Amino acid sequence: MKKEFRFKIDVPKYVYPVGRGGEKFAEGLKKEVLYAAYCETCDNYMMPPTAYCPRCFSEIKEYKKVTHAYLDLYTVIWKDFNGKDLDEPIVYGFIRFEVDDRDVEGGLIHKLKVDDPSKLVLGVPVEPRFKPAKERKGVITDIEHFELKLE
Amino acid sequence: MSRVALVGIGSTQYRPETSEKNFKELMYEAASRAYIDAGIEPRKDLDCVITASEDLWEGLAIFDEYVPDQLGGVLKPVFTVGGDGLHGIIHAYMLIKTGYFDLVAVEAHSKASEIETLQKIYHFAMDPLYIRPVVDNPYALAALEMMNIMRLLDITFDMLDMTIMKNHLNALEWGSPYARIYDYDNLESSEYVAQPLREVDIAPHVDGATVAVLASEEKAKELTDEPIWIEGVGWATQGGRIERNLHNFPVSLNTAGNMAYDMAGIENPMAELDFAEVDDRFSFRELASLAMLRLDGGDLMEMVVNGVYTLDGDFPVNTGGGFLGNGYPLEAGGMMKLLHAVKQLRGEAGFNQLDNPEKALVAVRREVPSNSYAVVILAR
Amino acid sequence: MRMNIHFKNRVACVGAGMTLFRRRLFETSDELMWLAARKALDEAGLTIRDIDCVVYGTAPDNFDGIHMQSEALADGGGALNKPYTRVYVGGGTGVFSAIAGWWHVASGLCRRVLVIAEEKMSHVQPHPQYVFHHIFDPVTEKPLGVNLIWIFALEMHRYMYKYNIKKEDIALVSVKNKRNALDHPAAQLGMKITVDDVLNSEVLVWPVQRLDISPISDGAVALVFTDEENAKQLTDEPIWIDGVGWSLDTMYWTNRDLAFPTYLYYAGKMAYKMAGIHNPKKEIDFAEVYDPFDYKELHHMEGLQLARKGEAPILTREGVTERDGDLPINPSGGLLGVGNPIAAAGLMKVAEVYWQLKGEAGRRQVKKDVVTGLAQAWGDLMQVGTVIIMRR
Amino acid sequence: MKPENPPGTPYKRSEFEDGKILYTEDSLELWYRWSLGKYLGRYLEGLKEGKILGRYCRGCGRIYVPPREVCQYCFRETDEWVEVGDTGIVNTAVVSYIQADRSRMDKPLIIAVIELEGATEGMGILHKLGEVDPEDVINRKIFGKRVKAVWKPPEERTGSVNDILYFKPVEEV
């Protein structure tokens, strides 16, 4: 007797427009800068930049260039989701930012290029490595990865 | 206004695979047990049925369609919560509090073993603009969270190991297929999945279903001499942006907990509660939950090291073995914990039975990458 | 279920807001939620900080394309460190999220609740219709190559067969609603069409033609509910939520009577009882019933006992359901005219009832004086009815 | 007039193609391996054998097709297997000109709910009709007519609802 039934849920394609907040982010990527959203009412910077402040609901009018980026958290992925060893470990960093010495709330999760993950220290300055201008599409993958900033 | 009581609970076993039954039969098994336990005739007595689920766990768009028959809810008010089973309990609580509903059933289940592409579902839960194009593994997000929590709360691997050993040991009584008797050497040899997250820190997926029946005070007194009262509920989310939550404390659990404590009139939770079943989808989450729910006695490390949270300790936690010991049944997570707590309060916990517990807290957080919490306080 | 009890926590609606309904909107899902919520809060004279609880409604996750969608979009509801959940009953979710908002307040747990429903169908390419075929049973139905419109066409045709209804009469609904929508500032498909236009439009699944169907849309709607005390502080004329009801039929839709929506009859009965209504046809002044297809407006009027079985087409032909008629139905323009971002469309109906009862619907205002209004939605595999009754 | 100035930024499909609208992309292909359980598996097996099986509930006397695990009225497991036969009455029928993704079909397809004889009145299944003039569907002459399953040859059956090719009329329409 048939015991199992295999089937799928498929949707050929999804597209997600970047929205109002994402448009500003895209503008920055073009110029190789990262913008943080600034909520005047709450006096608070936010990354990724949003179109509105989720706390006070006012519209974001100002986006400011981040002036400093540092590694706040990281993880080294050794196995895939199903427990199989990866050929090469993948390192993800959680990058946080500052705007003129002010903390930015949130940050970006991205790939981190590093030679020896065991030597990583939290707090080290990092910088984004952008794809060549021609290949950029105005989204997060325009950044190839973050890497340690050489002083 | 009427108090709300839990008058019946029924469950299937939680196992890595349940291939002999389809999801409807699994739900029916749990529901029949719950209705017998409550002593009700569902077709006649039930006022409302709630399920907790999300479409993609099930393989159906609009899962809500497929629930009324096997829960006795046809042509009754039935709906689905996109949340944990414990969120379902909270909605049932509110419905009864309105004064219009007397008997409400809540169901949640997992058929995780029947999903071949589980990873893609997790991936699909991530923000499509900033995270999904970069990260495809939910354990990466959990690992970042773990690093943050360990740093904020000064959690060491030793503390995690003690938690893992404790929960596995507690799960033995439940006949859990995952329960192991671990020692430090076993744990030390566990490999990193997503550093600092090790294999042993992750609760594996499990199948199963649990149904609970809630009643108004009047109805509860008709049905049983020993209802379990729901004294407080609380729920909160920390917001949708993981990036913001990654460098913070999980304060929303604190918010949800305080809401429940206020409702239950609890000022000093550790003294007034007898035990707690809290989220341990990942080992560090148990400790984070305890800290956020003010159940750490001011010094988490001291509590763990002194065995306060073990069955013999002053404040047992995850007496049923939690997710680490029993497996993680997706949205049924909170219901599994509720089941463990109710069994304790009723004195039906067998070898794990505590001495006459009267008040307990159940708290759960939804699966990665969410930041949603639900808390329920039960009393005998 | 106990009814007609003396009821302590009366629930009021004090503000409503919505975005445009359009085929494609550029804003992200959470930005749409924020836009609608801010409008509703402004109207209520509140800020997001005044809100102590948020309820979110969306139909399947597959449209916006985010699993555990409510969690990812919490920011758009301003649900930072606040109680927040999502409820759903398929297409009935719009009105149902308002019902959930009702019990958050009626239970005494929350005092000021923000209810938001949002749907972005444009994320699906090439056509959102595709997502719908995943709602069918994967074993007994999906292998036949199902298509959502099939089931509605099957139901429509059965309804026409049983009561001997002509397509011309059903088309009048589309004509009326699209015309009504011309006066709705957010409407996607307000237009002047004739019965012939409907009958000559592309046949999709006979008897369903293109102009029988509501469009694919993006959009969000938000409402603010409060308890009695807060409502009286905020406004001199709160709109009260006096009855709610919903009911879900068996999942085996091919075993059901397709000519009459039994589930809606039960849902209506529950709401009427709660609101103390004995004769709906007399006591309901106007209604926003769910009209993703033109025949559904008629079907639902009958399920709600606003017309006898088979009588709704006659009332429509006689002009009773026009804005200046005795029983205006869908003065907003409904889903056929305003658009159908599934969950948001249902909540739009609740918003319309609110604005009509406040007398703020401007050119859409129904002619007669209205005290009691009803909004209804429908969904899942043609199996759920959700009803809310509001009074001035 | 409410709603006043509803916000939102509409755009056209062409703006995507021109690159004016920035976006990220994804697609979905999720696979599930469902357990069929005690009843659904037997139902499919029956189809392979050329039989349509239903379940009988002693509580209320109903015979359900497709077979159900639980009786919706009695909330109890159904009791017995019943072979309901492969003829039925057309409850409702439609003519489909489009596919699931809304593209046009080459040849219209007739879809129906067929109440199977041998099951309790009103128990229908969803299937296709064949050897029927679409005109007879459009004018609803097919409604209430008796139809019979046309099966695939036994060796081609796989235990699926598609083991029935379609139902065809066995009385004059």
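So that you can tell them apart, the chains are marked A, B, C and D in the order they are listed, and the count of residues begins at 1 in each.
By definition in this document, a contact is a pair of C-beta atoms (placed from the backbone, for glycine too) under 8 Å apart; a residue touches a chain by one contact, two chains touch by 3 or more.
Everything quoted here is computed from the prediction, not taken from an experiment.
Considering every other chain in turn, the ones in contact with both subunit A and subunit B prove to be C, D.
Between C-D and A-C, more C-beta contact pairs join the chains of C-D.
Of all chains, the one whose mean C-alpha position sits at the greatest distance from that of subunit C is A.
The distance from the centre of subunit C to the centre of subunit D, each centre being the mean of the chain's C-alpha atoms, comes to 27 Å. Our note on geometry: subunit B versus subunit D, Cα centroid distance of 37 Å, whole angstroms. Note on chain placement: the centre of subunit B and the centre of subunit C lie 33 Å apart, centres being C-alpha means. Annotation for subunit A: residues 3-7, 9, 11-20, 22, 54, 139-141 touch two or more other chains. Among the residues of subunit B, those touching two or more other chains are numbered 19, 56, 59, 61, 68-69, 74, 116, 121-122, 124, 128-129, 133, 239, 241.
Subunit D has residues 9, 11, 21, 24, 26, 28-36, 40, 44, 68, 72 in contact with two or more other chains. Put simply, subunit A touches subunit B in their complex at residues 3-4, 6-7, 9, 14, 16, 18-19, 22, 46-48, 54, 72-83, 90, 92, 94, 96, 105-111, 117, 122, 139-141.
Residues of subunit B touching subunit A in their complex: 19, 56, 59, 61, 116, 118-119, 122, 128-131, 133-135, 137-141, 143-144, 147-148, 151, 191-197, 199, 239, 241-244, 246-247. Chain contact summary for the complex, subunit B toward subunit C: residues 1, 47, 54-56, 59-62, 64-69, 73-83, 87, 90-91, 93-95, 97-102, 121-122, 124-129, 233-241, 251-252, 255-256, 259, 366-367, 369-372.
In the complex of the two chains, the subunit D residues touching subunit A come out as 9, 11, 16, 21-36, 40-42, 44-45, 159.
Of all residues in subunit D, those touching subunit C in their complex are 1-13, 21, 26, 28, 32, 34, 36, 40, 43-44, 64, 66, 68, 72, 91-102, 111-113, 122-128, 134, 137-138, 140, 143, 160-162.
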